[in-house]
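After this come two complexes, each holding subunit A, first together with subunit B and then together with subunit C.
== the complex of A and B ==
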């Protein structure tokens, strides 16, 4: 029998070392999720009870953040008009990677009660990748919290890969965005 | 000399670990105050390591260099900080004015880096931070100069030893008006609620930190924790009679930070002009009155 004492430890390949570091990073990332809340719709009313003493989101390490650069989650609640979709895309592209998107309510899934409006997009998934949906019109606070826990489990299982998908299928997303928004030539100090 | 430098780094690292833990415990205390369960006590560590594990964008080399300058300047300042009467890295160099000068390096690094991002909110935040600094420094300096005049020393350990030698008469009690001014100035230094004009997340989107994300923000968080360690330790040594051993230091440190944090969390936020007016009115009057009483009349409360 070969002694285990003198056997060389198996050398890890670079991918394996990278994966180990990524798993350690995932532990920190899922325990400290900072949100940027894009609350244009009525589902935003479910967030105050989730944050204050009733459900206390902070015990999961989550909290609201002021700017897209600092945030990990982009929380999109309610319907998105075509005008605000452009701002959502700007915001999403400013966030630092890894970044996740949570769609709240039924409006980002299929348009909700505004599905036949001319000013509203129906499926958010066509324009930016969404990791977790919380369905309902409006979802109650338990399901909001449940959605966040689902996202944490997805990060642990490495299935929250929306930001990688956005990079890989960038042309497809850009094509959809242009189809919805149209090419607009902007005249301001940043785009001249 | 090498040993001294190693001790200095150990003190800076100790300060980081101490302040990060105390801040985490304080988040729990504030949560209980608001009838919530609160995060884990090591949540601040998780936040910092998460930020260091993220990818970040850069806005030019001044943006990156300023962050490193801020962190390096603050670590250099913390190396001079005495923990107790005996644990001090560079004995004889723990002068009060060393901290006043060195802490400016870190602050200016952050100001430079924030202005380098080109975001108008960052410029507004830096301007407000410097204005607040201008406001609280004047009364604070008058009180500290009164203490230096009373004791005849400007070294932090000597001031601490003076208070312990005279029957443990803390300057918080011996100079009662000055103690109040000290607490108010400490709240301004830490950026606590009534004077939190330069962070103001709801108004100017967290001010100087608006463009930071990922690694740079993580480094700024480490810098912020060490800055808080320096400022609270200064208060402990100047007003609370220093510390004979490390446990007394920990107890005093925790008490001061928690007290300030409790006041902070039941207050709203003032506007920047209200902050300047406030500091130039009541704390300045109290500081000057205290200086006249202590220096010209020699009335110092003693137990």
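== the complex of A and C ==
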């Protein structure tokens, strides 16, 4: 005999099911973030205290990752030269989705003290999408940690959509990259 | 090892005996600089290498736009007689050409490429002095020449962030003026530890 106690559950559409799974995924994802640190700038000096016992990134569920293919966050610490921007674009495009970018210090925001250099780009979000900026020259470790917490909240609120933007506005990003770099492809005598 | 002033005397003797030195500058007991004619440079480097200055520490250039010259600088080091030597020579700025020294110091290969990239000095004899080394796809004049304007280049090439309003000066607000004055007065009154 069929029970009268329970009504048949409403059939969910595919979008709704997807959304539920994404929510579950986001919950686990934001509590287990693996970070690839692109430490070419001086702000990288703020990361050892953030990672070790002083501030202990691990208690937020974050850890360092050695390869872009398995990392969730790309951390750009400090100034980016034109030459390393090419490598950053390569690295960013290799990362598996969803992927987030954190810009550390004032150099990725507006060039910082290198705003008039021939070798350093001024605005990182013209070339790759940035989810969180941590301002300061250099930001102290509290604000670095705060930036990570901000990113986790953004993932929870579904506002960390840089990687979707990069897909949707790919032409715009590619145009900017071409204007600054000439060509994104790396011609390097040591690799050819 | 001999004492260090003897090293400088030895070096000066060696150089004056073989070459016509334009200018000698003994900076201290470990650093000596010689200005030579361009034609003497290669011979001087060979002589110095045979005398023990086996390490080529650096090769670079200095731009002198007023004299219309580029000064090429070679820095050598000897581990037996601890003296750094600078060999300097001024060459024409409009068409700077310097013969390569990779057959004397093979390590100079990359320094010459760097020097060509940043100052535009040509090094015929070095098979790939024209290849890019540090700057990639550079499309302007050599950037370490004095008449290169990095700000103009940066403005042309890289997008700048635009701000809607200027930054806020918190230390100079008008509505806090009375408070500021009072604090200043109070600070004056406390000078010397005396309360008035």
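By definition in this document, the second predicted complex is superposed on the first by the 175 of 192 C-alpha atoms of A that agree within 3 Å, B and C clash if a C-alpha of one lies under 4 Å from a C-alpha of the other, contacts with A are read in each partner's own complex, and residues count from 1 in each chain.
Keep this in mind: a residue touches a chain if its C-beta (ideal position, glycine included) is under 8 Å from a C-beta of that chain, and two chains touch if they have at least 3 such contacts.
Since we're looking at a predicted model, the values are computed, not measured.
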First, second, both or neither for A:28, with subunit B first and subunit C second: first
Which superposed partner A:180 touches (first subunit B, second subunit C, both, neither): second
Touched partner set for A:13, first subunit B, second subunit C, both or neither: neither
Which of subunit B and subunit C A:82 touches, first, second, both or neither: second
Which of subunit B and subunit C A:111 touches, first, second, both or neither: second
Touched partner set for A:61, first subunit B, second subunit C, both or neither: first
Complex contacts: residues of subunit A adjacent to subunit C: 82-83, 86, 109-111, 115-123, 126, 176, 179-183, 186-187, 189
Residue numbers on subunit A that touch subunit B, as the complex places them: 24-25, 28-29, 31-32, 52-53, 56, 58-61, 65-72, 95-98
Of all residues in subunit B, those that touch subunit A in their complex: 27, 31, 34-40, 43, 46-47, 49-50, 53-57, 201-202, 205-206, 209-214, 217
Residue numbers on subunit C that touch subunit A, as the complex places them: 131, 134-137, 139-140, 143, 148, 150-151, 153-154, 157-161
